[in-house]
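Given below, in the form of structure tokens, are the structures.
Two complexes, one shared chain (chain A), two partners (chain B, chain C).
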Partner chain A sequence: MRSTSRLSLWLLLTPFALWILLLVLLPHVQMLRVSFQVRESWDTLAFGVDQYRNFFTESYYWRTFLRTGVMSLFTTLITLLIAFPVAWYIARLARGRAKGWLFLACLVPFWASELVRTYGWMILLRESGLFSAGLQALGWVDGPVEMLYNDAAVIIGLVYNGLLFMVVPLVTTLEGMDDNLVEAGYDLGGGHATVMREIVVPWAMPGIVSGCIVVFMLTLGSYLTPILMGGKDSAWFTGQIFTQFITRFNWEQGAALGVLLLVLSSLIVWLGLKLTGQSLRKVMG
Partner chain B sequence: MIRSVPRSRWFNGLYLAYLVAFFLYLALPLLVTAAFAFNDAPFPSLPWKGATLDWFIADGSDERTGFFHDDSLLAALWVSAKIAFWVTLISVALGCGNAVLFERLDFRGKEILYLLLLLPLVIPGVILGVSILVFYSGMANEASRAWAVELDLFRPGTPLVVMGQVSFITTLSTLVIAARLRKFDPQLEEAALNLGATPVIAWFTVTLPWLLPAILGAAAMAFLMSFENFNTTVMLTGSDTPLTVALFNRLREGSTPVLNAAALVLMVASALLAALVMRRGSGNSA
Partner chain C sequence: MAVDIDLHCQNLVRRFGSHTAVNRVSLEIPAGSFFSILGPSGCGKTTLLRLLAGFDRPDSGDIMIRGRRMNDVPPNHRPVNMVFQHLALFPTMSVGDNIAYGLKRRKVAAAERRRRIAEVLEQVGLAGMETRFPQQLSGGQRQRVALARCLVLKPTLLLLDEPLGALDLKLRDQMKVELKNLQKAFGTTFVYITHDQSEALVMSDRVAVMRDGCFDQVASPEALYREPATPFVASFVGDNNRFGGTLLAKEGELAQVALANGHTVSGRLAGSSQHSPLTTGDRVDLFIRPESLMLGTPAKGHCTLTAQVRTTLFDGANSRVEVEAAGERGYVRLPQDGSVSAPQEGSSVTLAWDPQLARVFASEAS
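This part shows the complex of A and B:
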């Protein structure tokens, strides 16, 4: 029996190890290595920090980096604020069939790909779009209005992409809460704000953290929405990585930018977990 | 704010209005995309010029080529389907193994390996794509330069896209299958063993049927995620572009109602797939 369990352990461990090593760990180690390579001539390489120096000296790079980070945080916050009342309604107030249907309605947009969703927003927001035509028909504006290609449009699209990943964990944690807890809060003389702050939010914290982490990651790493909906000045960091790899064939610089993006996202995820006292296992698994 | 706590009337009204606005916000982009697939005009915008099916079925004779006659988009659709097939197969097979590994076996370092399992979820998709490009394409370049060996498998193209997508979809399928395995009563398997089944037979006749709904669910999810993926795919694709990348390239040239038609076909297909799995899932649990 003992030897069969050892055998099955190895049989199951091998594919796992191959997957995680060949598709995740080794590629990232190599990306890190390439980011420190400096091409001296066509076939000689040296190690150095040139690519990272470029990042800090070229303001275009680090400005976009900061912008992407700040806008992703902002998007995450707005997504949380928009999703919370909806999740609350689904988890606590809706009954029976309505509950299931409302939950399903939150899922439906995500059967369409990010490209389709972004395209839908472009049709709505652009100069020849539906909103512009609607405003003209109402007589509120004189000519076509361009609502696409600015930061607000990008955030609308990003929030839209993130909503599901916020609503689902919030509903899951809020469903587990006991009504008695909330009632006790009111009985003990708490107002709405106090009950919210002292009882509901602490209870929902695992859901909030997990939703925020996923939405932040998705937003930071998104490419389609900011590229298609953003204007000339609204560069996104993933767009720069793409440019380095695909347009300029500068893999070393692209790898360095990739490492920086990875560091930023890991840092924020780690900070989020630390500040709220959650663990990755509890939040993701 | 809960049912037993009274709420004022205007608060209720406001809350309801908010919910209506929210679901409108969710539905609007998709409804608009779908509607303009039928507008009889060469550009997906108002005014409405009457309904047509041209953007689906026109064969190009009337200066309009519908989605079902658009050879490059259909070729891209086929590429996407091939990629999704392999990704589903590999990631679900890996997911089954991983689920058993983490739910049923105990070994040293399990905690750390579990964190490694979750790792792809906290890596942006673009980075997963880039790292695989750097590692494998770099290897192919190196092999070509040093030994004149051509590793075409590792050049950007379908195999590399499959690898890139498997890297993170495996984690998701593992989590789906493991969640079901956690609810499994090991006594059932022991009963089978006591009744004389070998471990292999017990696995195939008792455990696997129990896991089947989760495996099907994971497969549908893997297929959809693969089909719709853009961020990882775009870094690894070669000349045979999958559908999302092909649509993106079209969109950059300018939007036509053919894009709306393609989007609608995609939406309907994913909705059908999702509905099928949900129906099966609810049928089994009832």
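This part shows the complex of A and C:
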């Protein structure tokens, strides 16, 4: 009896253990190792921190790194500001079928791949695109307007990609909120802003933090959207990693940049949890 | 003597589609009194309370609080606070912050705020609990925090939406008495809604019995119990036995009723007998309370009814005998002072009562 339950426990755990070991732990350990390798000659390897020193001495690396971090934070914030009213509407105001339809509407863009979604935006924003043509037809501009290949375009694309991942946890937490809490907030003399600040936001905090973590990580690690919508000068850190691995065939440098990106995202997530007083278990549970 | 009227409602109506939840309700509540609205679930009492709190608007009629018309005043500007059914304490705030919330909205300075929070917590018996969180409190303590959170604001009117519903029986009995005492101590006007007649009877100065959006009767608890105005009040407030029959004769305020099995019993006509519209031959219901029914030898002037004992329900001072008489099930109180011995199951007993204690109503078409 005991041994069979043991066995079934191990069988159940195996896929998970394999997943963690093969797809998460091994590649990262390997990458960490590669990042400290220094190629002395074509057949001799030594260990050192040359790649990391490169990162800090070469301003282009760390500037891109910082820019990626700051833009990702900004994108997360914009996503939160757009997603909150949407989630509020779906969770608190929509009833019955409307709720299902609205949720579906949020999901629909994700039936297409990120590539297709991004091209969709490019069709709208490019010089010969719909918006440009529309503005010209209205007579508001004289010639074609290029709306692609700037930071705003990159952020639009990234916000669009992250929206669903912000809406879902927000809807979940907001749905669990008792109507009476909001009513009590008004009943005891609070106005709209007070009720939002003192009651709704603290209640939704686990959802807000969990949504922000997911969107931030997705944004920081995204590759296609910044490259396609930002063009050559997008200077996204994942682009750097790609260049090192594929174009320059400098796996050691690429691995070091990858490790740094991981450290950055872990650091910011940890900081976010600390600042909002949430724990990872509460947010993800 | 002129009494200040805290709440005055005139012909309040609230409809949801074709359903009228509150139907032309008028009421007046004097300052400092404990007013209960008693009714079964779905009778419109919660809707009425939400109209008073301002979460909902009446389709017609007026709400006046201390003479000021409140119809267009939003809930956060009404001198009214509400204790919710599930209390709705803010889970992200400590007890102190929960109580401070309303004071902050009134811009009470921090030192004064702390003083008033300590004072109100002391009054509800939770001194020194400021830093606890609602999740760490027992049901009864949470109840008190919910009360303190409202009472600290000194509202003209405190609305309570069945706040005792979630408590276990023992605690509920205890809280009933405590609520009544708190109401007296604070002198705030309470409007309490409940479906539990015992809560309403124990605590209230006046009770309104509500059914299908209307008030059936508004009276003191004792008057409701002794002089119910309608058969609904007679059966809803307190335990009661109902025997259906036809009116045989009227003698002054008494009525002779022929029951389904041919027995003739009598009881007092409800309301003022002179204006009773009942005529001989009408379908009537006779109501008699379990404690008014006596087992054993009838006294002079009492009417009697033979019944079959079905079972004895022992419940200490509330022990009852379940009987069947004239095709209806009834209950007889069984005193536990040794004056009456419990009858055998299946045996025949004679029930006797003073006709003055029974009430006869026109049968409600059902």
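We take it that the second predicted complex is superposed on the first by the 277 of 285 C-alpha atoms of A that agree within 3 Å, B and C clash if a C-alpha of one lies under 4 Å from a C-alpha of the other, contacts with A are read in each partner's own complex, and residues count from 1 in each chain.
FYI, contacts are C-beta pairs under 8 Å (C-beta built on N, C-alpha and C of every residue); 3 or more make two chains touch, one makes a residue touch a chain.
All of these numbers come straight from a predicted model, not from anything done at the bench.
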Following superposition onto chain A, is the placement of chain B relative to chain C best described as a clash or a fit?
fit
In degrees, to the nearest 10, note the angle that opens at the C-alpha centre of chain A toward the centres of chain B and chain C.
90
Between chain B (first) and chain C (second), which does A:T225 come into contact with in this model arrangement: first, second, both, or neither?
neither
Thinking of the overlay built on chain A, is A:S234 touched by chain B (first), by chain C (second), by both, or by neither?
neither
Mind working out whether A:E198 is in touch with chain B, chain C, both or neither, as first, second, both or neither?
second
Can A:L115 be said to touch chain B (first), chain C (second), both, or neither?
first
Does chain B (first) or chain C (second) touch A:L23, or do both, or does neither?
first
Comparing chain B and chain C in the superposed model, the one touching more of chain A is B
Examine A:N161 and indicate which partner it touches, taking first as chain B and second as chain C; both and neither are also allowed.
neither
Could you say whether A:L188 touches chain B, chain C, both of them, or neither, answering first, second, both or neither?
second
Thinking of the overlay built on chain A, is A:S210 touched by chain B (first), by chain C (second), by both, or by neither?
neither
Rounded to the nearest angstrom, what is the minimum C-alpha distance from chain B to chain C in the superposition?
5
Where on chain A do the contacts from chain B and from chain C line up?
183, 186
Would you pull the chain B residues touching chain A in the complex into a rising list?
1-5, 15, 18-19, 22-23, 25-30, 32-33, 36, 43-47, 93-94, 97-98, 100-101, 105, 107, 111, 113-128, 130-136, 138, 145, 163-164, 166-167, 170, 175, 199, 224, 227-228, 230-231, 234-235, 244, 247-248, 251, 255, 259-260, 263, 266-267, 270-271, 274
In their shared complex, at which residues does chain A touch chain B?
4-5, 8-9, 12-13, 15-16, 19-20, 23-28, 30-31, 34, 43, 82, 85-86, 88-89, 92-93, 102, 105-109, 111-117, 119-124, 126, 128-130, 133, 160, 163, 179, 182-183, 186, 192, 195, 213-214, 217, 220-224, 228, 238, 241-242, 245-246, 251, 254-255, 258, 261-262, 265-266, 269, 280-281, 284-285
Which stretch or stretches of chain A touch chain C in the complex?
178, 180-181, 183-191, 194, 198-199, 202-203, 205
Of all residues in chain C, which touch chain A in the complex?
53-55, 74-77, 80-82, 84-86, 88, 90-93, 101-102, 105-106, 149-150, 153
